[in-house]
Structures are given as C-alpha cells and as structure tokens.
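Multiple structures are listed underneath, in structure tokens.
Both complexes below contain chain A, partnered by chain B and then by chain C.
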Partner chain A sequence: MVSAEPFFDFTSVWSSMGILLKGFGLAMFCATAAIIIAIILGLIVALMRLSSVKAIKTFAFIYTQLFRGIPLYVLVIWVYFGLAIAVGINMPAIMAGVVTLGLLNSGYLAETFRSGITAIDRGQVEAGMALGLSKREVTRTIVLPQAFRIIIPPLGNQYVDAIKDTAILSIVGVPELMRETQQLADLHYRPFEFYTFAGFLYLLAVLTVSRGIAILEKKLSAHSAQTPVNTAS
Partner chain B sequence: MNDNTSTTSTGSTFFLQLKDVSKSFGTHKVLDGITLDVAEGEVVAIIGPSGSGKSTLLRCINFIAAPDTGAVIFEGHTWKTFHSKINFLANKRYQKKLTTLRSDIGMVFQNFNVFPHMTAAQNVMLGLTKVRKMSKAEARKAAESALSQVGLSDKFDQYPEKLSGGQKQRVAIARALALKPKVMLFDEATSSLDPELVSGILEEIRRLAGTGMTMVIVTHEMNFAFQVAHRIVFMDQGKIVEIGTPEQIRNPIEARTKAFLSAILN
Partner chain C sequence: MKTNSYKIDWNVIDKYMPELLKGLSITLEISAVGMALALIFGLMMAVGRLSTNKFVSRISNAAVQLCRSIPLFVLLFWVYYGLSLKFNILLTEFQAGALALGITGGAYMAEVFRGGLLAVSVGQTEAGLAIGLNKGQVFRGVVLPQALRVVIPPTVNVYVGLLKGATIVSVIGVSDMIYVAQYVSLDTFTPFELYTVAGLIFVCLTLSISGFAYLLERRLGRSRAHG
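Now for the complex of A and B:
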C-alpha cells in the first residue's frame, strides 16, 4: 500500500456515478417487474392451493415448495444457462433475471396470499354466499379486498427482499448495481468505497419502499380494521 | 306432540320443507334425519341446547352447509346436494343454480358478518348489484330505503368499524331484506349483542314477523321465541325432539324438552 494514498477515497465513486445510478435503476426495474410477475403468479397459485380439486392443489403445493426451496443463485443459473441448454430457450440476461426473481418470489407470495385469504373469517364467505353471490364473486368482492389489506406488510417485505436479491443476478451478467460495482471496484482498486456506496443505495431504496408501505398500510386500515365484536354504543 | 309433520297454525300452504336431512362433520352426526315443514308466512323458532345442530340446520336450508343426505323443497323445487368427482362443469352449473335459491332466502348471523371494507350502504348494495343486477344508482336508492327502515338513515356512509353491534346487525338485516327474500333465517341474531341492544334487534324481527315474512329463527331468547313464533321446534343431538305451538311446548310431552325448558326458564 502506498502511504501517500488516503485510506478512504470516494473520488472514483463520484466520477462513476452515472454508471452506478444506471445499475441501480436496472436493479429497481428488475425487482419491480419481478414482484409484479410474482403477485400475479402468486395469486393464481394461492387460489389453486385452496381449490377443492386435489390435482390442482397438489400442483400448487409442489410449485410453492420448489420455488421457495431452491436458492436464487441456483435458480438464476438454471433459468439463464439451463433452459438454453436443455430446451433451447435463450433469454437475454435481464429477462432471465426478472423471470427468476419473479418465480422465486411467487412461491413465497403464494404462501403469503394463502394465509391472507384463510385469515378471512368464514362468516364473511357465508354472508356473501347467503346473498346469492357466486363463489367467484365472493372471492373477488369480499375475500380478496380484505386479504389484500392483511398481506400488504409481508408483500412490502417481499419487495424489499427482491431489491436486495437483484445483486445475485450479477452472476449471469445482468448489468445491475452489484455487477457494475464489482467491475468499477476492480478497475479503480477501491472495493471498499464502491461496495459501501452500493450498500448505501440499496439501503436507501429499502427504506423508501418500507416507508411507502407503511403509509399505504395506514391509509387502507383507516376504515377496514377487522374489529372484534364491538357492542359499545 | 312428537309428530314431525304436524300441520301449522297459519294454514297448510306448502312452502318450505326439509326432508330427512342429515349431516355429519367427520364422525360427528350433527343432523340426524331432520324433517320439517314451514308454511308461507309462518314463524318457526328452533330452540335447544348448544351443539344440538340448530345452526347447521339453518345453514342446510340455503345450502351454506350442504346436507349429506335428504332434500330441501322450496316453492315446489327439490334441492339436493350434488357433487360429481369428474364432471366439474356440472358442479359449476349446480353451484350457480344454488345461488338462485340463496338469493330468495335472507340470512342474519350471530356475528353480523357485515363486510368491514364496505360502508353500510355498500354492504346492502352488493347483493342488489351483483345478484339482482340493479344499476348502482338504483341499488343505492334501495339500500338507503332498506337502511332507513331499520333506523340507520344517518349511517349510510359509515364503515362498520364505526357502528355499534346493534347497528351492525341492523345493517345485516337491511342487507338481507333489500333482496326481498321470501324466507328469512335468523341464526342467534342477538347472542353477540350487549344486553341493552338485544331488545332493539328483537323488535326488528318482531316487526318483520308482523309483515307476514316466513321466518326460521334460531334463538336463545325463550320469551321472545314463545311470543313471536307460530311453532317451536325443540332440537337435541341432531334430532327434532318435539314440535308444537308455544302453548304445546310450554307443557311439553317429552322429558328432554321439559328438562331443557325448566333449566332455561328458571
């Protein structure tokens, strides 16, 4: 180590800001696209798990176990390289990354949604059925709106996890924040500064999302809390 | 009187009938061969100890709980539980048909079961728009009139959270009545209420009885049952032990009825 060099030197970080922010933007894009896919798939799988048809239920069970059980590291390599070799599906790295994160998170969200749905009091379903609503209408107008309020906090957590997980996508060459950080750190011989700054950006994103979720939660629960039987007049 | 098919005090119009309805949860037989006639305009109160199957019986009338065996006959239509292991389309068609039966039968629950994410008016409007296919504006008008009838004309846009138990139950009653059902089922409608709110809800039910509504009421309010019902059904362990007019049940034939009433009334 050259003694004249300062211990901390962020000048190379500042001068690489454009690339870093672009990588950060891509990371946020991947996480957001993945969570949207995961919400859609997760909802479908959750409803399948609650189906009365055994085959559908079993499929959904295996689905959740599979995608919750495989490490992201393995899954992304499988989707990017494995699918190309096995069935000739060649995806751009970014797409493979989004698909992988989407699948993984859909496994978790399916479980979250299922617990949210089953948390709704059976009496709510009975009341809807008694009115003459179809099963589908009961689910759509009574169960899901209430379940949605319950699952907002865990959904937010899942989004936060997805943002941090995008770092793993660097292994298949997605030029997101971690990939760019690795390369710039090597280039400038300033790993500590670059990784610290990357950490700061992830933290910033996570704190912002958490805050947003908290606000959303407060707004939605203003008039919808499932209060226990309340007879005070 | 130990005869399940007794004639009724308001005439013999054939209207609603349960025929040999049985249901088990696992190995526990909750309903064991229930047969019961209800005439049009008749008020039938079902009494009996906890766990005797009263609530399940009520749920079998509109198939919210599907009977294992037996049938419900309503306005000349016979309804039986149908489930095919292979023909999912047939199951779907059957479920859809059931919704027409349910929309003619209003139900009020012990725990109110108002929808917490909807205002009082929206609670009432849901069935009107989805089941009766009314426009939003029509449904709103009908909902306001139904809520006004149960004394909630100042609560249209309140969420249930802001309502008392009695008010929630009124919303639930308005929600059921707005669909203009031909039968009303009350499942211990006052059991979750604070004592001072019970009489208000009972008054609503009594008022409804006065309009000639056909009703089946499960209740623990014995005095109310004896006042408002044309006939009283005493159930125990999934079976109808005794049916009769309030006068007849006041002097029961069956020892079990006698024991239950003396325990309750003293």
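Now for the complex of A and C:
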C-alpha cells in the first residue's frame, strides 16, 4: 500500500483547506493588529525621542534599542512563559503574541517615524509658527502629513516582516497558519506537502502586500511631483 | 493556586550559567555557518541577477523573492521535516538550521552584493585598465576596495538578523541557549529568571554588533569623503 502512494500527494492538504485558511486569516489578523499597536506606540516613542527633555529622550532611546535588539522568539517566550508565571497573569496566547509582536515592531517603527519627521525641513516648522500656528498644530497639520509620505515604504516592509513573524507565534500555541500546519503535517504524515503549501500562502501574502505598497508609493510620489511646494525653494 | 506563589530566585542563574553559555556558543556557531552559506548563496544570486542572460537574471530574481518571502520558521520546518524526509536526505538538526539560515540570509545578501557591485561605476574599471593595470589588478586594487566599503556595514546587519533568527532553531531540537533555558526550567521551575537572562544576553550581543556596524559605517563613510 505504501508503494502505491504517489510521491507528492496534496489531497490531505486540499481536504484541510478550511483549517489552513482559518489559520492564515488569524495570522493576518495578528500581523495587522500588531502593526496597529506598533504604529501607535512607535509614534509616541518617536515624538519622545525628539523631546527636549533629556530623561524622556533617554527612555525612548533605550526603548528602541531594547526592542530592536531582542529576538521575537525570545521575547514571546519570556512574555508568555516567563512573565506570565512570575507575575501570575493568565494571558491568552493570541494576546501575548500580538502584544509581543506589536512591541517589537514599535521599536523599529519609532526609528522609521523619527527619520521621517526629521527629514522635514525646519523651515516648514518655522513657517508654520510664523503664521501663528501652535506647536501642536504645526506637528499635526504640517510635519506629520509630509512625514507620512516618507515612511510609507519602510512601514510596508515592517508589515511584511510582521506577517512573516506571525509564524513564530505558533510556539506559544496561537492557532495560526504555522501551528495548524504543524499539527496537520503530523496527523497526515505529509510534512513536505503541508509546509510547502504554508510557504506558498506566506509568499502570496507577502507578494500581495509588497505589490500594494509599490502601487501606493507610486501614487504618492506622483502626487508630490505635482505639489508646487516641493518644487519651489 | 490562586495566589501567586512564584518566588524569583536568581541563584539558579549562577548555577546554570555554564550551560547557558554553552548554548550561546551553539547559537553563535550555527549563525556563523548560516552566514557563510548566506555569503555563498548571496553572491551566486547577485551575480545571477546582474547577468545579461535574461533567463538567468529572471530565475535569480525569483529565487531572491521566494527566499525573502518565506518565514525562516517555515523554512526551518520545511527543510528539516519536509525536504529531508521526502528526499531521504539525512540532515542533523544543526545542518538543517544552518541551511535554513543560509537560504534566508542568502536572499538578503544577494541584495547587499548587488548594491555593492552596482555602486562601483564602470568608469573606474575603464580608468584602471587605461592606466595599464590588468583585469585582476583592477578588480583587486580598484573595484573590490570600493565595493567592500559599501557591502561591509549592511553585511554585519544581515548577520545580526541571522543571529536573532538563529534563536528559533531550538524548535527542531538544536541545544542552543533557549533550549537550555527551557530544559533547565523544567527541572527548576524558574522560567522567568532563565528567559530574562537569556533575553538580556541576546540584547547585549545584538546591540554591540549593531553598534560595531554603525561605527564601521561612519568610519568607512568618512574615508570615502577623504579619498
């Protein structure tokens, strides 16, 4: 009976499609939720790094260095198995995973946002102030919209990385694509087929997002070329 | 067990430090082998992408895209459980881990090498040939020093990425630092202390290498401004 089996047999993959796609959906949800957390935290930390108060600046610096330096795998294990046990909080795996992924990405995004904000010409801020806008109004209406255009490509790359990183969340039991794949591969004893298919789904997600960013980037740069403000000076 | 009965006990770290460090040396070893493979794969793909043969450049391009898009974690399982079982290639955990790291790192290195090779203008080669140097001398004395200046800092960054990636190899049973931490905490029930120390060691390691890359970048950048 063994010899009658075909070398590549994807029938068990097709029949498990529902579970795999559900896992894929959860992976995308985790990546998206984590990026939203990372954008919020990253923006706060970026603004803190640009603060004139030394203590705030130092805290923000340590924050970015710490989360950029620690591997996701180590951090997620620390949060889920270490911290949870030591402090006695029972965090659901999905929450632990999303929070960890969000924290890690916020360290990278804080740096991205900071470079985006500092890329804006000081003259723009001064012009805004000269017009009588408050510091906050200048940040909100002049600096951030322009910085946004600069940070779109690196933000997109970060999202792609987050999608790939969700696979690691399987380690704490988040039932995302990789977790489901591992279990199904063991159950059907078809590791090659299942892992190949999982790889294909990640590839599809990553290529789709990258293509989307490329299109968005093109649109934004076309828009900026038409803006007279940038051609002046 | 509703109340939190966990008592933090740092003594366990003193006791198991040699084991943790032994695990760390395995992480360093596997990331080094992975990096060596990444350099080879990367150079092959970079040269392929710059090939004038359209078929070769397309294949190389697709290979880079593919290797960059698949998560290392998936690649690791694919190599260790999928590939080796399907084709009867007996890989040890260490070999499978290093291979997966090499494939992922290779895709990133391909981009780095391509950037380095493109950064040296053709005029430099032509000028070298015009003043009577032979092809080997031009490559060694003119192209390579300039390409290395562009390539070295991002290469160090790719290595940092691989080092962080290498922490996941314990999932297929490589006895690295995290594996040791997991194993010991089964015995002592002190996961918090062990993972905290393991995490701190990794942060120190990656930050010092990144800092080195930053200094290198500034130094190499400055020497370019002078020369």
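By definition in this document, the second predicted complex is superposed on the first by the 221 of 233 C-alpha atoms of A that agree within 3 Å, B and C clash if a C-alpha of one lies under 4 Å from a C-alpha of the other, contacts with A are read in each partner's own complex, and residues count from 1 in each chain.
Everything that follows uses one rule, which is that a residue touches a chain if its C-beta (ideal position, glycine included) is under 8 Å from a C-beta of that chain, and two chains touch if they have at least 3 such contacts.
Since the model is a prediction, treat every value here as computed from it, not as a measurement.
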- Item | Which superposed partner A:78 touches (first chain B, second chain C, both, neither) | second
- Query: When the two structures are overlaid on chain A, which partner does A:12 contact: first (chain B), second (chain C), both, or neither?
  - Reply: neither
- Note on the structure: Of the two partners chain B and chain C, more of chain A gets touched by chain C
- Item | Contacts of A:196 with chain B and chain C, given as first, second, both or neither | second
- Task: Using the superposition on chain A described above, determine whether A:115 touches chain B (first), chain C (second), both, or neither.
- Result: neither
- Message: One more residue to check, A:123. First (chain B), second (chain C), both or neither?
- Response: first
- Touching A:164, do we find chain B (first), chain C (second), both, or neither? second
- Once the shared chain is lined up, is A:183 touching chain B (first), chain C (second), both, or neither of them? neither
- Query: Looking at the overlay, does A:137 come into contact with chain B only (first), chain C only (second), both, or neither?
  - Reply: first
- Query: Who does A:149 touch here: chain B (first), chain C (second), both, or neither?
  - Reply: first
- Message: Can you tell me which positions in chain A touch chain B when the two form their complex?
- Response: 53, 121, 123-124, 126-135, 137, 141-142, 145-146, 149, 223-227, 229-233
- Task: Note which residues of chain C are touching chain A in the complex, please.
- Result: 3-4, 6, 8, 65-66, 68-75, 77-78, 81-83, 85-86, 164-165, 167-168, 171, 178, 182, 185, 191-192, 194-196, 198-199, 202-204, 206-207, 210
- Give every residue of chain B touching chain A within the complex, in rising order. 59, 62, 64, 88, 95-96, 99-100, 102-107, 109, 111-117, 126-127, 130-131, 159-162, 164-166, 172, 175-176, 179, 192-194, 196-197
- Query: What part of chain A is in contact with chain C in the complex they form?
  - Reply: 7, 65-66, 68-75, 77-78, 81-83, 85-88, 160, 164-168, 170-171, 178, 181-182, 185, 191-196, 198-199, 202-203, 206-207
